[in-house]
């Protein structure tokens, strides 16, 4: 062992498993370590601190270890500046570019730590203002938004990542997450806890983003969601062409996919209602226009228009129509979803894998997320993205939304 | 085509698909037919009648066709007597015994049609009183209940099966079934419809059997089910050792599988509570004794004892304990389940595949069945047993039971 | 009953249930009927014919009945010409436009039946050449492709639909479908049957379209699919950005989502490989360019380039990158998918709900479809679209594709 | 903090998360600690050792902490003798009895550590030979096997638990487990790894127990499993009445649940074959007798009889029949399953939740387990029982068993 470097861990490094991962990484990669300092936080809300000298047989091994530790939020105690390389062309990142995690990140530029704005996963970091007067800034940039000569962070030096702590205290509104995903959990108590978290976010002036799939309408939960919009619990809605179409169909014809949601009857011709609904909105020029014209008078989309909710309808290749409101270019739609994700303090994902993944891709790991689906595999997949604040409920969205609305509004 | 036989169809033979199956069977098996009469019921509640002359190239083919038609409730117009053969030994059926469907069935003995009592699937038919004074009777007999010299129906002659009609009218309480199993259906409206059907059965003095799995307790629905028992909506409960144990655990320690269902906390030692709960009941001598001793004072099992509900706890190889109340012999347990199934006018199956299949195996096709599970495959499997009156809900039992109780009791 | 109209049914109307649906529709909608003729096909491959006089209390009721019958392929015996109405503006269909089924359809123009080209579901029918010299033609048109003054079929007169027969013979390559979707079916025998059908289609010079999700690569089936491409069993590939990225990642780094598929190891940095793979392809300018440059030298995408397979990569909002080859506009992507769907004689859908639905939306009901997914709900959803030739296999794509390749190539 | 106790951790305490759980427990329960010694194993196969002084505000808190640490294998450095209390009556454990984990356990009796034989979860520990000449022994005892005056361990003193290490080395046959349960994993490579593990166990003279559900037969994997039995890869089979019945049905009639597994045809009367199969075996007196009589001549059960495989068929309330070989008393069946589980060195669970849970309940945490099911929730549930050596494959048993047999035998 001829080379070494000192790294630091701080935060709830025991509870969050950071320390364990740290030891594992070092030994898996053939290194060794001395524990130079280890201060354990004795109270639930106290943080811990550890300083380790990492030893490795050569520079390559040491670099690999330091890279891996970095991914888990273990940072060198003696940082260097980040390496900045100009992008060779539009959309082309320099070789060896640093690909982001979704954790809060800073880069070291000319000896100063600069926080990276709007962090999200699998992006590049672009630094601006280097060597100029005024502030040096760093921002997350998706690969297809890179422009020639952007200064992109490459390599692994001078980057500090800090995963959010998952505090030990299980009594907070999101404490119920421990124990993983399963349908065999007390549903009504858990929905009540989500209601409390949502009320808390709104009381703090926070922004709530709802991501909703067509199943919300088919399962009869549309009225309850419309009520939540009307009462101000929803600041933004991220959905697709199908959700909006079925919601409008329900307002126009009382059916969803051809079934009357109240009487459970299938009126003849019902199966064509969604195509007719689309052509009505196309004729009007859009949903807002159809609301103004008095064509659409109820439902989630109506309440969104009436209450100035920020709506993004993203297109997909399975869409009928689509509605004029639907953004058909997926890159453009991603940019709008990204904006919503960055503004959100809490995200409620309701029965849509596609849109939930799209939103989840843009979220920093610190945003609160509630994910509801009847399929446990969907919930697992959505939670499996490293958010420290995500909780999953395997339940029926058709009873979840009404129960949530009752808890909040009755 | 040298041989022929005339068969009759009556009932809602068009809606139920009987006529279509009839034509298919004849042609699949190389036969032909003439439609001798065809009277279509013109109103929704009128039955239809058809008489067909079936032609076949030889006796064997004709017999095959007639056998198959018989399974669908198409019976010969010129019946013979059933063949009765004595069982050669205890538990041994005669070769070629007639294996029952779950549809109402009659056998022809000495020129008279005798209704088969307690029909259920995959059993033998035993006839008693032949050639004696007094009434001739026929009953369904499970294979392991056959005794030497029982007169068992063999072959296919002299048996009349009549599948229950699935009436065209979709507006009745169970009309919502059409359209199959899916999570994407209006949940609250569908639960309301189940509540109406249940209230109707109770108003008519009917017997309601609830089949419940441990998930009812884990999901926090135990209180709502206990309330339904207390209010007289449950006449019988068919469950297993696990359901009873977790219900008792919840009463004794406030936990289910170690989680507090109200506070969502996991008290330390919680994971051993179910073993402690079993040993408490063993010490008392049984659940009723534990209720008498004031040890068990709340929960579903408590209410069942307090309200004289007919409880069957059937054992399984995955049981802990088991409780003294659990019937560990599976054949004996089946006999008790069979008795409950035959007494039931409506069966509500809540999140248990094993017990639901066991009950379903004993049900005639005319009993109303509601099957609730979060897993669509479970619901499909349970409905796929030929009951004309079965409906499935893919939803969360943890919100289903509370919503059902609210609909019935608030 | 004061009004009447005569309708005709032909084909395998008994086996396919058409006759049953016909009787149901008439009676559900308050009508009555006389059977004027009923010729039953006596052999498996003979068609049947029935002529019914439908009676109804008034014109509105009669029209409703005729509309509904029409959806099932029961057409008036005394047809009128179709009504043609000019579209009022681009993308705006005239009120009351006829929305298509996915069954072969003809429209009656000036007394002549004109076959509608490229039939697919939920579209409008546009007629061209009316009153002009030369041929009158009719084609399916998606709503957003309608141009002002297009002559669009409105109402329900003059349209003839003929659902493909589902022949009685269960011994053909696709006969194994009967009995629905379930994991509990003999897997290897069923895969062999798919192989036979695929070989038959290729022997007839048919076009095979494979629709593939990223799970094909993660599950280790990429090599087997690449082999099928190389050996000429695949004419077209419809997939997404994720599929292509993971396939390229596998070629470049030996990993898929960071796992080495052969050794099952997770090399450090593996989780960033897919982002690096994308940036390599962006740098090259596209997949074909990367193949030309010798960067991509193996895998499904490589074989598609090398063998001139028609590839469509459709974008979605969850894409990383995307690759330069990915069509990011969903309407444009749908048009390309539509083209592939119309050219295909057999479609094999492998573990992708999104792309399979998109392709399925464009398929006529007569195209052979095999749908493979480990999730029974996905298979059910894909089959539930009215294709007479669709079969579903609930199995593991990671063993399905290798077993299929072995059956075809060994 | 006025009271303290010193505890020790040894083994792969970092990789296995033991150290992290230890710190969490202490702080969650209001304690504190000093790290007195901490020796980290520097090589993959070296163990680590830590000694901590645990501090707590009072004796009760200290006891709670020590109890919890104990569950994770952290044991006091200064042990006392275990407390032994006579059972008050048959089947009744003394109050406060120690309920076992499934980890290797020892109890301290008269200053000596005595290994507890046949450890399994949720049982009592009975000590024999105390104060007598000869050896003192300890064994696991299920609650319903307790006899009056048995000396049962109560409280938490004098018990040492050691969870098996999950070694860091991912290259062993079971190293592929890391990363949890998902269908999106390379299937064929993973099956090959299972084959290697199985071959290794057999090469070492180990005992292989197969737990199989009826889906093995329905899915067409029966021949491959029969082949594995014939070739000596299966020492014991744990299944139910349904598995054996369908296997026999397949041998007698070529069908499983009425479908011919090779031709995929449903012969008429096929749906009654399983009842006929049962009555044939009943007539013969049992499966072995039916083999001797030449009635059963192929299949898994045939090979088990021919190769003296240890078969346990456990009854359940959903059984038809049952076969004479089926053990209908569930407690008796559990005892037989327990014997098989204790003899097994490797367990392969194939598509049966009920039987797999029953076997899993009796397994020590050190036995190798492979669990195969197409439903990810089943695999998760089975793995979620604390076995350090369990791996799950979400795949199709109908392709898994043939592929496994090919890997082992071709």
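Every chain is named by a letter (A, B, C and D) in the order it is written, and numbering of its residues begins at 1.
The definition used in the following text is that a residue touches a chain if its C-beta (ideal position, glycine included) is under 8 Å from a C-beta of that chain, and two chains touch if they have at least 3 such contacts.
Remember, it's a predicted structure, so these values are computed and weren't measured experimentally.
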{"item": "Pair of chains joined by more contacts [C-beta pairs], C-D or A-D", "value": "C-D"}
{"item": "Greatest separation from chain A - chain, by CA centre", "value": "B"}
{"item": "Whole-Å gap separating chain A and chain D, where each centre is the average of the chain's CA atoms", "value": "39"}
{"item": "Cα-centroid distance, chain C relative to chain D, in whole angstrom", "value": "46"}
{"item": "Sites on chain C at which at least two other chains make contact", "value": "375, 377"}
{"item": "In the complex, chain C residues that touch chain D", "value": "170-171, 175-176, 178-179, 183-191, 193, 214-215, 218-221, 256-257, 259, 261-266, 374-375, 394-396, 398-400, 402-403"}
{"item": "Chain A contact footprint on chain D (complex, rising order)", "value": "14-15, 17, 19-20, 23-24, 27-28, 32-33, 35, 38, 40, 42, 44, 168, 376-377"}
{"item": "Touching residues on chain D, where the partner in the complex is chain B", "value": "29, 64, 67-68, 91-93, 97, 99, 122, 143-144, 268-269, 272, 275-276, 278-279, 282-283, 314-322, 328-331, 333-334, 337, 354-355, 357-358, 361, 375, 377"}
